[in-house]
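Take a look at the structure set out below.
Letters A, B, C, D and E mark the chains as written, and numbering starts fresh at 1 in each.
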Amino acid sequence: MSLQLERVGRTFAGKPAVQDVSFRAEPGEIIGLLGTSGCGKSTLLRAISGLDNAYDGVIEINGKKVNGIQKTTGFMFQEPRLLPWLNVLDNVTFGLEGNREEKQKKAGRYLESVGLAGNEILYPKQLSGGMAQRVAIARALATSPEILLLDEPFSALDAFTKMQLQDLLLEVWRSYRSTMVLVTHDVDEAAYLCDRIIVLRGQPGTVEREIAITESRPRERGSSELAAYKAEILASLDLTTETA
Amino acid sequence: MSLQLERVGRTFAGKPAVQDVSFRAEPGEIIGLLGTSGCGKSTLLRAISGLDNAYDGVIEINGKKVNGIQKTTGFMFQEPRLLPWLNVLDNVTFGLEGNREEKQKKAGRYLESVGLAGNEILYPKQLSGGMAQRVAIARALATSPEILLLDEPFSALDAFTKMQLQDLLLEVWRSYRSTMVLVTHDVDEAAYLCDRIIVLRGQPGTVEREIAITESRPRERGSSELAAYKAEILASLDLTTETA
Amino acid sequence: SSSASSEGTPEKIRLDYAYYSPTSLVLKKFGWAEEEFEEEGIEIEWALSQGSNKALEFLNSDSVDFGSTAGAAALMSKANGAPIKNVYIYSKPEWTALVAGKDSDISNLADLKGKKVAATLGTDPYIFLLRAFEAEGVPPKDVEIVNLQHGDGASALTSGQVDAWAGLDPHMARLELESDAELFYRNPDFNTYGFLNVREEFAEKHPDYVNRVINVYEKARKWVQDNPEEAAKLLAEEAEIKEEVAVKQLERNDFSEPVPGEVQREALVEAGKVLQESETIDPEANIEELTDELIDPSFAEETISE
Amino acid sequence: MAKNQSEVSGIFTAGSKSKPSAAKPKNPFTHPLLLGSIFPLLLVVVWEVLSRLEVFPAYQLPAPSVILGTIAGMAEDGTLWGHVFITSYRVLMGFLLGTAAAVVLGSLVGFYKHAEALFDPLIQAFRSIPSLAWVPLFILWMGIGEPSKIAMIAVGVFFPVYLNIVSGIGGVDRKLIEVGKMYGLNMFQLVRRIILPASLPSFLVGLRSGLGLGWMFVVAAELMGASQGLGYLLVVGQNTLAPETIIASIVLFAVIGKLSDWILKKLETRTLHWQDRAAKS
Amino acid sequence: MAKNQSEVSGIFTAGSKSKPSAAKPKNPFTHPLLLGSIFPLLLVVVWEVLSRLEVFPAYQLPAPSVILGTIAGMAEDGTLWGHVFITSYRVLMGFLLGTAAAVVLGSLVGFYKHAEALFDPLIQAFRSIPSLAWVPLFILWMGIGEPSKIAMIAVGVFFPVYLNIVSGIGGVDRKLIEVGKMYGLNMFQLVRRIILPASLPSFLVGLRSGLGLGWMFVVAAELMGASQGLGYLLVVGQNTLAPETIIASIVLFAVIGKLSDWILKKLETRTLHWQDRAAKS
């Protein structure tokens, strides 16, 4: 599915949080959204998801202006947002449809992929921060949404688990060709995963640059091509002119 | 203040989460705690903080076995844990003592340092993820604790804000010589900030290696010395033998 | 919903019973009403009235056809437009008197000046108290009347929180027996009689059945008169009170005159005046007329003279 | 639908294009006050009409106009204010007393395992004793003066407040309590600075429940030798078989009860503005 | 002090060295049941002694032994079970009815702005009307049969449940509701899968409050022509000046009320095990 933002902005109680953001994601494209803390990345994802309708501008999915939540959109929030009264397995099956057994099998598969096999019956309060985040990832991926919004999905993970899950994400992408919008602070991650990177800056946030990464997949981590992209992204993020 | 752990372990409902951890932090030392997700880093910090008393082994502060919470210990949790009914300023003054004005001045200073000047009257629900984390950092630093426990303090921040705050942490350290235990997944960060790094591994987590970083401060990011340390840490974190 | 299916035969007859009407207890116990109407397939339904006001609520909401109340209560309800009439007197009770504690120095009404007297506003003891004041020439405002429910008045008296109490049986009987309380002022004529009331609608539609209910009530009344000891036992059992209390309570009931008439009329008019003075009944209301409307001796006269 | 509630909806609509959800104009027909009056008005009108048609005869249920007349009459001769004032006073005092007791006991029980084991069973047992049952006991213990009336109302207020406090404290997120502990708060400070604000929603519901029960206990309280008050009015009305007095007292209970609840509700919206609630649709 | 409550404290003590806090042995003198009996026992003993010393004369406050005798007597002649059964039945039915109504109305009001504006004011006004005041109205509307008694109890149950549901729904974290919305839940599913579990703590307190009030409303309910039941017993006791009957009925109210509350409390601990609560000290 394609996704199009046209001059999207959002104002909270008179104070603009993000302004004039326009970009287009072709079906199956992975868009990276980078920017300083508080520049409006999460706000944009909320607007795209349909949870927030009070934005300015136009958001179109498949060329049709949308208003409200689409069933085909998945959202992994910045916090894990697990339901505290459900155990790990039930949290993952939460969004699934079908009969109980199928759901549990599917959830079990994803839990294994995120390295949590054997923790099915734990409740959220018994999880470590990274484990909770991985449950949230499993929950978001399990529904195979056509548009997937990811808000710093790997922020609480150690370097190696992170890499595994990045590859998991690409695997899912290969199977379902979901269109993804990925918010991240990890420049390596952005360079490794994304087709295009939108760099936001300022408060209110505006689009600073758009960087297309033409490198074909599978990419090699630490390759000199990616390093060059990384440098470019870092340069556009540089704070010499601003401090917040 | 010195801090000593001797064969510390913790078992949850019969399942060991972390085992046999021993290390010593001299007064003013910064200890890095690294390890895969779920290997017991937060659990260790909770034991040191005194919030959790049900661990095995012995924890000593200044050579004295402790039991319960010490007023001189500060803890920045893995989640921001802001009090939702207090605005940003009041959240930062929460732990401070003294008269109102002094407290607010001090809090204001720290809020400025973390780049949140002007956001004093916002409530937690109005903050972005990174902003909330920065408020939590300001709150933890403002009390200038003698032992400071930091659980992934910069995980939700963009690269540049993160660097600024790392330097802020060092500044605080220079003024108060706090003993710090820092949990992080960012290997660069560990190499830049710590005097010694404890790498945990496995589930239950055990100490895999201890790496001393003798490089004097101020260190230079991206220097070849730090790069060497980074490689060493990464090697010890490597997951070739295990998958979770 | 009326219990009358058509003119003539009611589908069921709904009676109330009450611990202050021993006759009703006897009637219910022996099932004479059921017996009487069984052949016609008329069902008898019983409802317990916990006090005159409940019985009147039941009557007014068409939940019972016959209800037992104190005369004054029926009058007050009538003054508010309740469509009821009194057709029968189940007893002439001396159920209320003025009571003082055991070692009290109160021996007559004049001693009450400046003292506290407990009474339940609007009920027979209250009327009794006011009429007693009037009769003895004591101005009511010289006495502090404390509004307490009957039972609470009794305990307030025994715990010394009030100096006297306008009592009501069986509380009064129990108090006499157990704490030697004294009835220092009695006058059976200031009580307003035990009225059996019927809903006007029922009386109009089924006058014969009113007569027949009076008939079975008569049977019960006579049984009580003939078997005072067993009646006391029955009362004690039903109301779960001590037998001595029941005996005392029954002693103070006069079951000899079941037909409402001039005495009741007078008692009610007097009570009505007292109630008007205390503005419990609309001062504009014509008490005599109301009383005449309320008391309808024709049924009892017809039945009992037979 | 999911419009974020932390913003003032009027402000950001100025600059925005005509978004249906963003620029929703206030529909005058759906103003809360107006909507809220529909049912009461309907009730009164239907009732009046049915009374006029004599579907409800006056001896059963007098017409609203008659009730109003009764109340107006009481207002004129001044007795109304006495009734209303003394009852409100009793409820207020009982409310304060009951709340204070509930806060103390509720905090203890909410906090200390042993206090819970010690007090809670008895309190839970007392909770189901009807107000009327207390009357003779209170007369015995405290006589028939003002104190026993206020104490009786306090009993009614106590239970819901207590229950909500205990459960509120139990429901406070461990994470926040730990924050307080780390900053060296003692038990008392912990209650004041963490537990109380965190359990405030529950506490406020308790207060509102308790106040409601306080009004209900007025009748039992005023059975104890009152010569004024709404409960007195009700009981006298029942004893003298005067439906207009009964209904008038019910109406007064409803109106004043609603007013007192409204104050607490205002307090609730004031103090809970920090809650991250979903906006209602 | 801050022992994490999600673990079974017995399990990890086996392998641990003698940590005072970790290996706390169960002190038999602080067993909850034992602690919980202290006050009731004390109460009964003091009361018995005072009665024997005739500080309370029997016609005011009979001794516990007398009360027990009364209850035993009722148990022997079989009347006790009738009273207890019929009242429990009425409370149960009223509880179910009142809860059902409260869930429906509470969900509507908790969810829809307009429903709130429409219903809430009236409900809040009715909330402070005492049970006794309803009696004549219920007799009028529903007669004196079982339905009016059950409806009366349902009224008592309704208000606290309603209040807690509305406030519980209001207090549900927006973040969790958004999760539900993202997974395409409709209004009904949202209630069942997010709102209800999230507001469960509040709902359960409402149920417990409501049940308590249900027991209280029994007296008013059984004034409506009942000839059996605990409320009947109480009123008869008051009308025949039989303190032992009054107190016996109070004791029965307390015991059965406590039992019924205990069931709800068990339910509470069962269904709320997922809460991240701080352990009590």
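The working rule: a contact is a pair of C-beta atoms (placed from the backbone, for glycine too) under 8 Å apart; a residue touches a chain by one contact, two chains touch by 3 or more.
As the structure is a prediction and not an experimental result, all values here were calculated from the model.
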Distance in touch steps, counted as few as possible, from chain D out to chain E: 1
Pair joined by the larger number of C-beta contacts - C-D, B-D: C-D
Whole-Å gap separating chain A and chain C, where each centre is the average of the chain's CA atoms: 82
Intercentroid distance (Cα basis), chain E paired with chain B, Å: 47
Rounded Å distance, chain C centre to chain E centre (Cα mean): 39
Multi-chain contact sites of chain C, meaning residues that touch two or more partners: 60-61, 149, 151-152, 155, 159
Residue list for chain D, restricted to those that touch at least two other chains: 1-2, 4, 6, 60, 136, 140, 174-175, 178, 181, 235, 238, 243, 275-276
Of all residues in chain B, the ones touching two or more other chains: 12, 51, 69, 79, 125-126
Touching residues (chain side chain B, partner chain A) in the complex: 12, 34-38, 41-43, 78-79, 115-116, 126-131, 133-134, 151-152, 155-162, 185, 187, 234, 237-239, 243-244
Contacting residues of chain D [partner chain B, same complex]: 6, 175-176, 178-179, 181-184, 193-194, 197-198, 200, 274-276
Touching residues (chain side chain C, partner chain E) in the complex: 1, 19, 46-51, 54, 57-58, 60-64, 149-152, 154-155, 158-159, 170-171, 174-175, 178-179, 239-241
Chain C-touching residues of chain E, taken from the complex the two chains share: 57-60, 135-136, 139-140, 143-144, 223, 225-227, 232, 235-236, 238-243, 245
Chain B to chain D touching residues, read off their complex: 49, 51, 69, 71, 73-75, 77, 79, 81, 83-86, 94-95, 123-126, 143
